[in-house]
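Handing you a structure now.
Each chain carries a letter (A, B and C) given by its place in the written order, and its residues are counted from 1.
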Amino acid sequence: MAAGPRTPPRFSATFDPATLAEIRRAAATGIYDIRGAGTKRKLPHFDDLLFLGASISRYPLEGYRERCGTDVLLGTRFAKQPIALRIPITIAGMSFGSLSAQAKEALGRGASVAGTSTTTGDGGMTDEERTHSRTLVYQVLPSRYGMNPDDLRRADAVEVVVGQGAKPGGGGMLLGQKVSERVAGMRTLPAGIDQRSACRHPDWTGPDDLRIKIEELREITDWQKPIYVKVGASRPYYDTALAVKSGADVVVIDGMQGGTAATQDVFIEHVGIPTLAAIRPAVRALEELGMHRKVQLIISGGVRCGADVAKALALGADAVSIGTAALVALGDNDPALEAEYRALGTTAGAYDDWHEGRDPAGITTQDPALAVRLDPVLAGRRLANYLAVMTLEAQAIARACGKSHLHTLEPEDLVALTIEAAAMAGVKLAGTEWIPGQV
Amino acid sequence: MCGIVGLFAKDPGLEQELGAHLAGMLTSLSDRGPDSAGFAVYGAPIPHAMKLTLRAPAGYAFDALMPALRRRVPGTISLQTCATHAILTVPETGEAATRHALAEMARELVVVGSGHRMELYKEVGAPAEVARQFHLERMQGSHGIGHTRMATESAVTTDGAHPYSTGIDQCLVHNGSLSNHNALRRELRRQGYSFATENDTEVAAVYLTAKLRDGASLRDALMGSLRDLDGFYTFVFGTATGFAVLRDPIACKPAVMAETDCFVAFGTEYRALANLPDIERARVWEPEPATVYVWSRQA
Amino acid sequence: MSGAPRVVDLEQASVRELNQALHALTPDSNETFWRVCNPRGRHNLAVGLDAAVTVEIAGHAGYYCAGMNKQAKVIVHGNAGVGVAENMMSGLVHVRGDASQSAGATARGGILLIDGNAAARCAISLKGADIVVKGSVGHMSAFMAQAGTLVVLGDAGDGLGDSLYEAHLYVCGAVAGLGADCIEKPLDDVHRTELQAKLTQAGLAGQVDPGSFRLYGSARQLYHFDVDHADAY
């Protein structure tokens, strides 16, 4: 009997190749997969929103003389010295330890040229960063690695970190290969061990006690500096209200696209909500408390271009923060290093094993031989360029919508391409009068 | 999210100042609970009578209820109004009839609590203002508990304020955040209990009342919550004869107690106890986790 | 230290005024002795000090008393609330009464001496300071303690030294239970010497025999992830 055509091989959508590989890896090693970066899944995001540019009912602004302002003032609620930024894009908290000293210096240089701030991370403040960053935000994390009052006093703002978007409810992670002598010294750990981190603060739990903690930080810094509270996007409506009630000057909400240096892949992909879904609830909480624009809101998690900046601001944020994008600007995942990525078993654009500390770009490593490849001056210039482009893009969009300042962008300037994005962002589905989920 | 206070008079001589002390304690915890406040005071029982605390919208004409109530509830009934609340005293045999009547003719009214001794007041607003509104400083009783609220996951409404009363002379105040209250609420609903809010504390209150109704002792009911409730909590539970304290096994939320020959006091912070008489010589300690403490006076 | 103290009455002045006055002290100031009256459990007393002064708190303190202390000697004539001497860098903090939760949390240097008991999480996240408790400590004490010493003359609650790094824990009384990766270790001469030094610093030289303590330290099994220890996580 003649054989007919065979059924072509078909992959399962549920047990797809990536899933199969992960199950095999877990069976072989007995440990969860750890990696850096944020969620890699496709999610409703800023790309699903579009701006309604001027036409007959609205008039645009010309470029150049017809200014579109980009400045922002953070920490006006209580601080004697609020932070004045030239652009509403800041550099998010990333630790020395997860990043090389050269990378921290580059971030400081680039941010300073652009007139914005950088943020320390889960390892404390380095002299490189303080020296090269004109505005530096000092994080107070559950681990308290490196925490000391002198750094608190030489910071420009203080950020109490409750969590981050990649892992709301989780603590920091740095594996032994990146716990170099210098990192270990700063964190008071034996060199070379895997750092276990607390997920709760050691001396407060809950917004009622956070209130007293924020007061303590204010007292120590003589009420000079703004106090930010950062949360991973989870219940942004409640968390924003509670941050305000605890006395925050600024609320920072980090969506699940937000990156991390290292954590369990399962945490990154399955805990926390998309940035797009977090903005309107946070803004609503501020509006209901009469605090919108009085307690500033910074949004982070997957901000990549001027359009993302403009959209976040249109939805009500006062500023955005970038992490992953800043590293890419410095040179992370550069195709010029493809041969080395291949040697690591990956490829440019997909490299995320930052916890291993073998980054050929010299950014997410503590290996001196690799770290020295990153020229902080050149990389700082690249970051400054990138920030300038994002700002120009946001201004171009804002002018096209008739705005003389990025802060006068509003939700009604946007429409959504999908029902999910419309519901999450609280804007109309394009071509309709419908905002799903609102009566 | 909150501040809790409790005061138990070991010495009857303290009873006439009980309300004044509680008012001071509540006010001192305003910072950690600015949204709303509430308290329950256990005064002298009227023989064979039951007190129902009613709450209504501002300006409500409580007196207008009385003629109709007198027709429906046999025996002596009386009413005392206080701002948005009123204490309706009825014969204890007439409690069910009273509740029926109120449910039919006054749906804007909420029965906040009932008991032989307990009066329960709670409102949206700053704690000092809430205490003043109901003249807590004049109230007398053998014991009382109170709460100042910073709402976490539910709205700032009066219904969301503590204490929650779900049984005769029973009420609960809570500092912390439960994590399995939604599933537990569904289970309790299945057993026939009803809920007025989405609040986690209300679930704990109904849970404890359910256990007591099933015949458990107060101690056993509270020990049960260690098994059945998940999350972070410090509970103070009021009964006709006293109050009980329980902290979850992790015990992150603060709790301070003070005892003298005259009183036993509970406060989320020492500040709440700082003005109590003879506090300088009190024994001050922190309750252990997963341990039930009960203070009561036999009638 | 000479002369009468500079007195601040917190029924008249605010905590903010107190802290600002203490922060304004210059190294050559002769106002080296302060007394704070009527603290009544207020929070954030004498926080962020960085001067060789003595501050007496005449009563009970609230949260974070002497938080982030540098150089100063802070004495609480009463109880202290949550987080006393948290993140202390140097100097001495002495609580004559009891201390609430998280006493000495993440403290990096200096000495915290507690005459009474400390509640749960004493020495949590310790980073190099020395803590001496004459009474007992509560559960989860020395959780994730990284460096420094905790000396307890009384008992320790459950979960002592859970997830411990390199801090040394000396307990004279009973230990209700040990946390993950915390084990008893032999009390060698080097430890006796260390313990004697800490006891002397706390003014207890000759009052307690170092040999009557037991030493607890990290088993170091969690320093590198091993699936066979997964249930410790």
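Simple rule for what comes next: contacts are C-beta pairs under 8 Å (C-beta built on N, C-alpha and C of every residue); 3 or more make two chains touch, one makes a residue touch a chain.
Treat the numbers as computed from the prediction; the structure is a model and nothing was measured.
J.: Graph shape for the chains shown, where an edge means the two chains touch. Line, ring, star, complete, or other?
T.: complete
J.: Consider the two chain pairs A-B and A-C; indicate the one with the greater count of contacting C-beta pairs.
T.: More contacting C-beta pairs are found at A-C.
J.: Mind checking the centre-to-centre distance between chain A and chain C? Centres are C-alpha means, answer in whole Å.
T.: 36
J.: Roughly how far is chain A from chain B, centre to centre by C-alpha average, rounded to an integer in Å?
T.: 44
J.: Quick check: what residues of chain A touch more than one other chain, meaning two or more?
T.: In chain A, the residues touching two or more other chains are 209, 212.
J.: So which stretches of chain B touch two or more other chains?
T.: 252, 254
J.: Would you pick out the residues of chain C that each touch at least 2 other chains?
T.: 43, 62-63, 82, 101
J.: List the residues on chain C that touch chain B in their complex, please.
T.: Those residues of chain C that touch chain B are 40-43, 60, 62-63, 79, 81-82, 97-98, 100-101, 119-120, 138-140.
J.: So in the complex, the part of chain C that touches chain A is made up of which residues?
T.: 15-16, 19-20, 23, 43-44, 47-48, 50, 62-64, 67-68, 70, 82-83, 86-87, 89, 101-102, 105-106, 108, 121, 124-125, 127-128, 143-144, 146-147, 163, 165-166, 222-225, 227, 230
J.: Can you name the residues of chain A that touch chain C in the complex?
T.: The contact residues of chain A facing chain C are 29-31, 143-144, 147-149, 152-153, 176, 188-190, 193-194, 196, 198, 202-204, 209, 212-213, 215-216, 219-223.
J.: Where on chain B does chain C make contact in their complex?
T.: 250-252, 254, 256, 269-275, 284-286, 288-289
J.: Touching chain A in the complex: which residues of chain B?
T.: 1-3, 31-35, 150-153, 175-177, 232, 252-254, 268
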